[in-house]
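My questions will all concern the structure given below.
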Amino acid sequence: MFDQNPIFIPGPTNVPDRLRRVMDMQTRDHRSPAFGAMLPELFDGVRKVFNTKDAAIITFPASGTGGWEAAVSNTLSPGDTVLIARYGMFSHRWIDLCQRHGLNVEIIECAWGSGAPADLFAERLKADKGHEIKAVLVTHNETATGVRSDIGAVRRGMDSADHPAMLMVDCVSSLASMPFDFDGWGVDVAITGSQKGFMLFTGMCIVAVSQKALEHRKTAKLPRTFFSFDDMLAANGAGGYPYTPPIQLMFGLQESLKMLFEEGLENVYARHFRLAEGVRRAVDAWGLRLCAESADLYSDTVSAIYVPKGFDSNALTQHAYDAYDISFGVGLGEMNGRAFRIGHLGALTDVTMLSGLATIEMAMADLDYPIELGSGVAAAQQFYRTTAGASLAKAA
Amino acid sequence: MFDQNPIFIPGPTNVPDRLRRVMDMQTRDHRSPAFGAMLPELFDGVRKVFNTKDAAIITFPASGTGGWEAAVSNTLSPGDTVLIARYGMFSHRWIDLCQRHGLNVEIIECAWGSGAPADLFAERLKADKGHEIKAVLVTHNETATGVRSDIGAVRRGMDSADHPAMLMVDCVSSLASMPFDFDGWGVDVAITGSQKGFMLFTGMCIVAVSQKALEHRKTAKLPRTFFSFDDMLAANGAGGYPYTPPIQLMFGLQESLKMLFEEGLENVYARHFRLAEGVRRAVDAWGLRLCAESADLYSDTVSAIYVPKGFDSNALTQHAYDAYDISFGVGLGEMNGRAFRIGHLGALTDVTMLSGLATIEMAMADLDYPIELGSGVAAAQQFYRTTAGASLAKAA
Amino acid sequence: MFDQNPIFIPGPTNVPDRLRRVMDMQTRDHRSPAFGAMLPELFDGVRKVFNTKDAAIITFPASGTGGWEAAVSNTLSPGDTVLIARYGMFSHRWIDLCQRHGLNVEIIECAWGSGAPADLFAERLKADKGHEIKAVLVTHNETATGVRSDIGAVRRGMDSADHPAMLMVDCVSSLASMPFDFDGWGVDVAITGSQKGFMLFTGMCIVAVSQKALEHRKTAKLPRTFFSFDDMLAANGAGGYPYTPPIQLMFGLQESLKMLFEEGLENVYARHFRLAEGVRRAVDAWGLRLCAESADLYSDTVSAIYVPKGFDSNALTQHAYDAYDISFGVGLGEMNGRAFRIGHLGALTDVTMLSGLATIEMAMADLDYPIELGSGVAAAQQFYRTTAGASLAKAA
Amino acid sequence: MFDQNPIFIPGPTNVPDRLRRVMDMQTRDHRSPAFGAMLPELFDGVRKVFNTKDAAIITFPASGTGGWEAAVSNTLSPGDTVLIARYGMFSHRWIDLCQRHGLNVEIIECAWGSGAPADLFAERLKADKGHEIKAVLVTHNETATGVRSDIGAVRRGMDSADHPAMLMVDCVSSLASMPFDFDGWGVDVAITGSQKGFMLFTGMCIVAVSQKALEHRKTAKLPRTFFSFDDMLAANGAGGYPYTPPIQLMFGLQESLKMLFEEGLENVYARHFRLAEGVRRAVDAWGLRLCAESADLYSDTVSAIYVPKGFDSNALTQHAYDAYDISFGVGLGEMNGRAFRIGHLGALTDVTMLSGLATIEMAMADLDYPIELGSGVAAAQQFYRTTAGASLAKAA
């Protein structure tokens, strides 16, 4: 792929030069004082993005899947019951992980395209008089369907049930791109990765853990060493790491935080909304439909788009790749063949976003989709140009 | 400017990562054997791009302007007469340089938007029975107006006059993007730079010199040291450089040649034509007009586009920069305020080209240009998608 | 730390520019065909370094510790017995990991500075008539003491006991620097990382797994998802990855293999021996003593060196860092305060190695060690210069 | 050459990662407001290094040789007389340039190894009652012999003769490494380059011009366009450049200035003295002799060292390159074969300097030089360790 064509997958994102430069650092000794000295400020910065005052911030050299494993293995024991809804590929995978770790997983099956069923959660929790359910697990942004769930509603449901279960949230593809309120929503464990809103290379998962969840580790019996919160907290506290740290990613995260704070988190969120809304206008102009069932569920980091009946979304993404050297997200799981995805998170601008819309239009036209060339672009242009200025003013 | 927005100025170009990587090299000793060893193959590669068998290839750490100076100061003496036509900013500047170096400059004034007047050159040369005219100077691609001149026609005119003048060609913004035929056109000195078709950083001019022109240096009396062909040829011949060479650019040039040859020069030219033609279709769809007077003059590396009456092209490029963080070429000289330019040379693709078209459309709409959003994009899309495949197949 | 001072810790290593350039790549879609297409050759190359014909090669975005966890969790069940000797920090940590995963760990306590006790292993295995012991775990190169163990001897011991236990080897700090013979030694699981002999950034563990060990995963009951061999093999087989892959490291590994094969593995090993031997000559000239008990145990990737009685090795490494801006390995575990370490693995040359020796000499002199300035350097110089040529001839 | 072995030529220097990162920037539009906005602060910073309040700072995309040409062609006319002493390769080349530009060059021949003859200059100027001599040209640091001349003494001589000639100084290999006092010494034109004390890639010459010298350009008749002060000052004043600027180097210079000011210029000079003095102690320990005739002439950026009688310095540098993959400076001009050079300017530390000394010792021993291995290293170590701390404290 030509090295200046942007990618439009929902992460890993296009990496800004500024972050590539920082990550391209020569090896430095992770046992030197300089390493330990950077940690407190780094974690403080991450806390700001999670919107938490005193959650512990824990990093592992792993992907987001590792974060899921860390979340459950540090807080739960084999046989523990967790409650989770399946409404996309990533909730599905987390369910699978829990089952393979010997948890008793109560699954609420939902339509793909819907979000976390706060009411059903509440109902189930109310029925759980014995507090067998130890944790509620929610995927904040379902990358497969482009659905953002209402975590605040989940919390209100839990509170209405007066249930002590922990609330664990996968915010891999939402954090640092859409608002997150760890403290306000009463989240106990939140999991994200380096390669999404932080715009870094893949390879580090970042977990925020409430004091309540930290307490659970004292009784949690699932085995863990690589993903041990205890080891990591002890080592970080002494200015170290329990094994070789991914220092390039840690220095990258430090710079990523600087970029986010320079732009301003509110502006970052506004930029993501604006770019996403332009994409949605284009989808509408094409006469296509989003997988997300309703507007309140629209994700600002990825749009999953149904192809018209009789078309194969895999043929579309493959053709875009072959003919135009550009990557869009394929349809995952139930959406395989039925939807393609446009990632719009991380380091993107009006300019780059429009290149993606213009190119997928060509690809659709090539495959005889009933769309008009330029129509989606024009809809996005109209939205972008009438909303330009404010949010761009502070873009890096 | 956001570091992934492409630029659409007619050079320096967007630099591919592959070339940035090579240029980002640690200092190596230019007096070591390794340096000298790379030169012959490097010059052979450059000769292929100039399309010459045995012209001398000479590089200087300088911009293209330095190449102009090298061309005249190594081959001419104060008071010598040169013939040149003024039809844009860069021919204008070369004229100025010649005058300041004490040459007698015969200028044929042409409309900006026209090309090299082969007939008028021939006429003037026929009248020059005493062969006072020592050189004819031609700007192959007038970057200010987006005009490519017919150098072959100039040569035929010179031949018809049976005139021994040297033919010097500024191909700064054409070489490695549009066909060039040094030997076929009987060029004596051709000048280009690192930052255009070679897609490198600015800082090296590259000059091809015929044996005939080399002979002239024996009698040429203009002073020269930094730009001395003699010094450079002698030093290069011994595996060295007469002063500190810009080794990052020389290794960059080596890799750039590899990229060009991997894609194939014919494919490189076809890609430039294709991208340029898409831009021209967009211009047409907007109802705007190119500065280039006729289709045979259209440049495949830059399009200069008149803004409608009553509009100021500087306001347009400034607005595009302020509102969308993107650079287009401003109108230069006579075109200042009257035209803007879209550079389409170097490392560009359908994907990136469309982002430029979509963005300038927004900027025009913002300033109440009578254009329809998406119209230019659609025209370009239609052209690109019906011509995709062949040329993209071999893109890097 | 000044960015051109080399580091002398036993990994992560100094990263060659050539590998930094490759790792500094823009994000590419890991679901595109290009990703899957690179895997077979990549794994073939890794197999060559492990010296195996048909072991499965499995990578995880994790550190070497993650590799230990993957090794045991994919092949063993809670309560299974493993046999391991403790003779340094890294064997100690692997023991700890096994215990925390509910294994029954039989530990042979050895002196730090000794190597794997092949005879004691054999004796214990012979006594295990019921074949309760499922695996023997060995640290090939004990980074804390600079001891390389004889894995071939361990295998011979196991064979003499005719015992079916798996043989698992931690070769994190030995692979690609010292000879390794996966097939010849009958290794079942071998674990290494990206940041040592492969000279890459930290963040990927690389595991080789025999067919016999792969069989064990069918019955192994330890929970695993992130580190699942099954998931990884299935995904890789289909040209994918079970979650987001660390593509920068994977492309880096591809290039690292090229570098290793260009130099030739035998030359790589010879270079490590030669640099290490120079360090040992220096140690001898200083009148100091290695932690490794005998010459057959000397590691070619790291030397752990006792400080004289009455001195504190931590003060030495700290002073070297403060006064000369250079990192040496601190003493770990039992060696803390008693020994410092000089890492000599990865991308090092005579030139850089001598800078480390000269600097630690200054640091020792500053702290009134009874050593003569220049003495260690001279001993190393004498060795290097009389052995130069052959091995350097093919250095990258 | 292995990409982490430092080079020990007297420039171009080892480039710090920090500066490589900045220079590795994507193309940005040099006609955008951002470019012009950076210039005033950039030039102010450069003025600080030259130690001048109001000299004009002028840059060209060229090497230092281009700076020499700019200096004379903007201030002098054909036939003008200049006074210059020849005491090394670089004064020799400047003489040659002046002669080729039609100047009347009065040459004072001095021994190579001596410095600028302030007394002889004064004498000659006193005799020049008609003020025919328009300029005195001095090489501050003669890179070929490792000699730093006393520019203050030259100025005092000129003042004693009450002569109005301009004072032009080549400080290519001294500026930003040794103290320079443009205003205090009454310098009129000073010339340096990007690739020495500024630690950048080769490709930009930087010239400081006094108001007096600027006046001269009104009458100076030597032709100039590429190197025109007028064009550059006018363009820079309007926030532009007369042709395509080397923006990577200009942003690099901006960062280089930051680095220099963070360390503090006095500390930069002290560091260069200290590293150089260590080299001189080593030379003394080897029983060798510097080309510089006396201690007051010792350069802190390069040491030229005579090889013993009967030895060939070219064989030494070639052997060091072949056997140890490391570059030292060859002997130039009169010193060819008789001396080798150790560059010690720019981004170097105790650690890297010692690697150079240790390696050249090996190379000398290999060729049977009568030196003791480790002796030079020990002498340098002794000096470095007793002077460490203060100067290192602020090293980047």
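Chains: A, B, C and D, in written order; residue numbering restarts at 1 for each.
The working rule: a residue touches a chain if its C-beta (ideal position, glycine included) is under 8 Å from a C-beta of that chain, and two chains touch if they have at least 3 such contacts.
If you're wondering where the values come from, they're calculated on a predicted model, not measured in any experiment.
When the C-beta contacts at B-C and at B-D are tallied, the pair with the greater total is B-D. Put simply, the chain farthest from chain D by mean CA position is A. Distance between chain centres (mean CA atoms), chain A to chain B: 46 Å. Computed centre separation for the pair chain B/chain C is 54 angstrom, with centres defined by C-alpha atoms. Averaging C-alpha coordinates per chain places the centre of chain B 34 Å away from that of chain D.
Residues of chain B in contact with at least two other chains: 3, 14, 17, 24-26. Here chain D touches chain B in the complex through residues 1, 3, 7, 9, 11-15, 20, 23-34, 60-66, 68-69, 73, 78, 96-97, 100-102, 193, 195, 201-204, 222-228, 242-249, 321, 327, 329-330, going by the rule given at the top. Taken in their complex, chain B has these residues touching chain A: 2-6, 14, 16-18, 323-326, 347, 349-352, 354-359, 361-362, 365-366, 372-375, 377-378, 381-382, 384-385, 388-389, 392, 395-396. The touching residues of chain C, counted against chain B in their complex, run 17, 21, 24-26.
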